[in-house]
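Handing you this structure, nothing more for now.
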Amino acid sequence: MSTAETTPPPKATPPEKVEASAPSFEKSFIDQITNHFSDDVEVEYIKENRTRVNVKKEKIVDVAKFIKDNTPFDHAESVTGVDFPEDKEIGVIYHLGSYTDPAYSKQVLALATRVPREENPNPGNDSTKLSSLREIFYSVEFHEREIFEMLGVYFEGHPDNRRLLLPEDWADLPPLRKDFTNKGR
Amino acid sequence: MSVIAPKFRLGYFLKGIFDNLFWIITLVTLAGIPAIQIALFFLPLPIIDGEILTAYLAFTWLFNPTMQIPLIKTLLYSDLFRIAAFPGFGFAALIAAGTIFVERKMLAKLQLRVGPFYCGKIEGILQLAGDGLKLISKEIIIPAKADKPLFWAAPVLFVGAAAAFVALIPVAPGGWVVADLDVGLLAVFAVIGFFPIITILSAWSANSKFPFIGGIRALHQMVSFEIPLILSLLGVVILTGTLNLSEIVESQSSFPWIIFMPIGAIVFFIAMLAELERIPFDLPEAESEIVAGWLTEFSGMMYGLVQLGSYLKLYAFAALFVIIFLGGWTGPVFWPPLETELITEGIPIPNYAGDPILTVATPGLPLFDKDPNEWVLQQQGELMYTSGQLLISGVIWFVLKTVGVIFFILLPRGVFPRIRIDMLLHIGWYKLIGLSFVNIFIALGLVYAGVIGPGGIL
Amino acid sequence: MVGESVASYSNVLLMFGFACAAMIPALIISRMISPENKKQPNPVKTLPMECGQVPSGAGRTHFMMQYYAYVLMFVIFDVMAIFLYAWGSSLLDLPRTATLPIIAFLGIMFAAMAFALNLSKRKDIW
Amino acid sequence: MTDKLIPTKQMPPGLQVDQVDDRIMTLNVGPQHPGSGHMRIIVRIDGDYIVDADPDPGYVHRGEEKMAEARNYILNIPHLERPVIHDSCNILYPYVLGVEDLVGIEVTERAKYIRVITAELNRCIYIQYWLAIYGIFLGHSTMFMWPAGDRELLIDLMEKITGARVTHSYFIPGGVRNDVPANFEDVCLRQVNYFEKRIKEYADVFYDNPILKARTEDTGVLSREDAIRLGTTGSVLRASGVDYDVRVKEPYDVYDDLDVHTNVLKAGDSYARSKIPWLDMIESCNIIRQALEKMPKSGSIRTKLKPNPKGKDEEVYRRVESGRGAAGCHIISKSKPEPYRLKLSVGSFRNLIALPYLLKGEKLGNMPAVYWSLNYWPVEADR
């Protein structure tokens, strides 16, 4: 809440427009989350089968724990890291799905957060840090390792923050940042 | 030694050849000829027509048509011929080469492909020669910190041990065996015991992890399958009362032992597959687990030698199975010899009036016979060697049976996946040993029920 | 007919020696004609095989397979199995009463083996 | 590396790692190993038991996601199928669906059916390749040759349709690249019928083989709860008794018109994991036959797309069921011809997380059987 001014929403989300045609089923479990975390979460969109909530980075563990305990979402399908150099932020989006509840098996809940970005990254030792969700959704383990090496986001509480895909002698920028340019392109 | 491939120059090449020739001639003159002369003092030289066959005499007789047949026969019955050519190394290597060809083509047919196809025009029959040439022209890489003498010696020793195994195999009646031992079967077990030791030695000497695990797996394979292998043959020994392999074959002139002890044959066959390290028991070389097992560090011709040794071993095991359970060379004689009168006296052919005007005597049909009565004498047990017909017939039967057994050894490679080491130990200790005990009691029962043995029915 | 002399034993050794002697030229010829850069040996080439990685640790280490109970049993029962051949090969010459002790021996051997297997399985050594 | 969250499996006695540390050997399995594929598994063994396994992928990492940020939506098609060239239609499918959402075009009915048919054919091609390697990993060389040979049937069929044998680049936003040949229905039906008859013979030589059953049953058991918690997908998930197939649960294109049966096995061991893809192939043959019946015999195969299309200013996440499980494509678009960020969430990468957990406490001989039963394709996991 103290960092409310540092995390402005990147674009003016039009929730009103979406809500007019928002599917009621998706809205029901999103409402569950928004009711519990009133001002910490912000619904970006509610579309058919796809929903997204943006969470402040301090609250990501609490929200994830709440989702795990109170909704049937039981695993993370994918974790996307996005670099926003204009906002000086890096976004991390967890896509959560459900295997156990047939009613929810179509749904993918995107749980998004943002961490500050530094111009001269020093992965692991700078402010680009986020709490790991591995204790809650076990399946994010390798995804978080990939984001650590590709974007330099250090996941606190992750037991195994090592390189996964990149070679051991990689000494350049984290390659998925926008300021790492493709050679020859 | 000269190196051909990089920076080849004809002068260096010729110089290398001449250097090698020079050293060969020098060494032969200084060491070889004296050694031969010293050996000639102690070696018994054969006597032909009352003359001692010296080297000079043999060279003279080569150009004397009448003396060539005795010369060849002398050569045929010498130990060197047995070791190098017929029942020994050459024969076994020939069958091993055939086995490799058959294995490739058979597996290919089983797996809906064609196998070696181009080399040699006819179904890729020269593929093996091509592979040999390729292997011999490859560089031999010795891993750093390897125990070099052991590492070099392992493939050679492997081939040697396999050849020693081959030496114990009789292939034809009349003592056509390199070493005719009274305790032939025990000697076979002794030689079989060498292979895991060689495996472990080479695995240990390579100073690499995958060969090491492979060697230990080979040890465990021996641990679990040596006892069933030994016990499964005890039934036959009980029934025949001898350990001599030739006598075991001769005891099966009327029926093979597999009729009475199929359990022993099955146990022996499975244990044989395990000792040969063939799928499904190729754990020491399991390529998807431990790269190539104990063969990982072998390159070039060393690998080729190990392969040669393993196929020699394959032939020897198949031949042992044939000798003990399938009756060896026994079988109907092809082209049985003519009647004794025809050979000794000839048949008088009468004219129309009934007077004998012509006597037809066959030339010595047995090709290597000394005199026409040889086959008769051999039947009466007065000749130490056998006649041509019996030899050829016995060898043909032996080879046919051996090839059949080899086929069944090759077949599981296309049918089964590899098993795991704990399953292997479990099979060996819990199942095969029990079955081989059953086999022993079947043999004892046959003896004491009076079916087989002195005074038995059969 | 049956070879009785030392010569027939020595034939095994001769065959062994012949095969060894015949294989050594193959290695020597291979050394002669194979390409090998002796002046600049490649140290990476002679590394032990470790799937393309630089080897870590020694190849010859303290390494224990779990199945050592089988190995212990092998040491005992392999010798006993060979002993049986002395009896088996002369069974037809022996009086029938001589078989009874052997059957007792077989029974003890089998029972001991079963007990050892059972024990090691119950203790779950492997 | 040690996980406290997941209950550790019962290790055999005498294998307490902290006490026996001096005799543990570290084996690098891969990247140059007949049983690894293009990856490395750092296996620590104590005798015959694996006490720890650490997968190390990345030897064929190509930066597909970074490359996609520099190319427009059409140019991305050929290189995005490279991670799994044997399953190139299915790996492109979520991307193409996502781009259609972003650009906002509809696909014609006939193109949808052609897409489903080619996707199912491609799934069979991939599974045949996978099965061949599973066979050789277990030392069963016949099982290597048979699927590799029968795969040619479907590859020839795909060559007739798309013109390429392996890398088809067939799906494009708005439909497919070209129409099927004239007598396609008959040829496809005949090939698929023969193919199904042929793969049913695999049961005799492989799936009913007693040694294979003894080797793979009860090895690498993944329980239902762990399969869900680890977020595994595809055949690994369904072999553990979870009834989840994206084709059924979230039908895309025309899968809701077709009768798709989900194969589920309860055991969760390597045998079940190796059997599910085989059952999937038989199911794919059924789907292809249904689709051939219902396919419109004529019509457009492509909606015209304006050159260099721009995506909307939104993000889209689409998933399909590929040969290795759910393949998701997350595209963040910023009203540009190029995607701002493209993330492929592929089945191989998601299943790899189960590998260290499954290998712990297994025997070394089970390592290839468990590893390849995870339906793992190293190139796809590295992307």
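In this document, chain identifiers A, B, C and D correspond to the written order of the chains, with residue numbering beginning at 1 in each.
Methods note: contacts are C-beta pairs under 8 Å (C-beta built on N, C-alpha and C of every residue); 3 or more make two chains touch, one makes a residue touch a chain.
Note that the coordinates shown come from a computational prediction; the quantities given were computed from them, not determined experimentally.
Engineer: Tell me which has more C-beta contacts between its two chains, B-C or C-D.
Structural biologist: Greater number of contacting C-beta pairs: B-C.
Engineer: Counting in whole Å, what is the centre-to-centre distance of chain B and chain C, each centre being its mean C-alpha position?
Structural biologist: Taking the average C-alpha coordinate of chain B and of chain C, the gap between them is 19 Å.
Engineer: Could you please state the distance in Å, as a whole number, between where the Cα atoms of chain C are centred and where those of chain D are centred?
Structural biologist: One centre to the other, that is 45 Å.
Engineer: Centroid from C-alpha atoms only, then distance chain B to chain D, rounded to Å. What do you get?
Structural biologist: Measuring from centre to centre gives 50 Å for this pair.
Engineer: With centres defined as the mean C-alpha position, give me the chain A-chain C separation in Å.
Structural biologist: 61
Engineer: So which stretches of chain C touch two or more other chains?
Structural biologist: Residue numbers touching two or more other chains: 50-51, 57, 61, 63, 65, 67, 126.
Engineer: Mind pulling the residue numbers of chain D that touch at least two other chains?
Structural biologist: Expected reply: 25, 33, 48.
Engineer: Which positions in chain B touch two or more other chains at once?
Structural biologist: In chain B, the residues touching two or more other chains are 209-210, 213, 291, 421-422.
Engineer: Where do chains touch, given as pairs?
Structural biologist: A-D, B-C, B-D, C-D
Engineer: Using the touch definition up top, name the residues of chain A that touch chain D in the complex.
Structural biologist: Chain A reaches chain D through residues 11, 45, 49-50, 52, 74-78, 80, 82-83, 93, 95, 99-100, 102, 105-106, 108, 110, 135, 137-143, 159-160, 163-167, 175-176, 180, 182, 185.
Engineer: Spell out the residues on chain B that touch chain C in their complex, using ranges where they run on.
Structural biologist: Those in contact with chain C are residues 1-6, 16, 20, 79, 82-84, 88-89, 135-146, 152, 155-157, 159-164, 166-168, 175, 178-182, 185-187, 189, 191, 204, 206-213, 216, 219-220, 223-224, 226-227, 230-231, 234, 237-238, 241-244, 246-247, 291, 296-297, 300-302, 304-305, 308, 384, 421-422, 425, 429-430, 433, 437, 440, 444, 447-448, 453-454.
Engineer: Could you list, by residue number, the parts of chain C that touch chain D in their complex?
Structural biologist: 50-53, 56-57, 61-67, 124-126
Engineer: Residues of chain D touching chain C in their complex?
Structural biologist: Answer in residue numbers: 12-14, 22-23, 25-26, 28-33, 36, 40, 46-49.
Engineer: Touching chain B in the complex: which residues of chain C?
Structural biologist: Checking each residue of chain C against chain B gives 1-4, 8-9, 11-20, 22-24, 26-38, 43, 45-51, 55, 57-61, 63, 65, 67, 70-71, 73-74, 77-78, 81-82, 84-85, 88-93, 96, 99, 103, 106, 110, 113, 117, 126.
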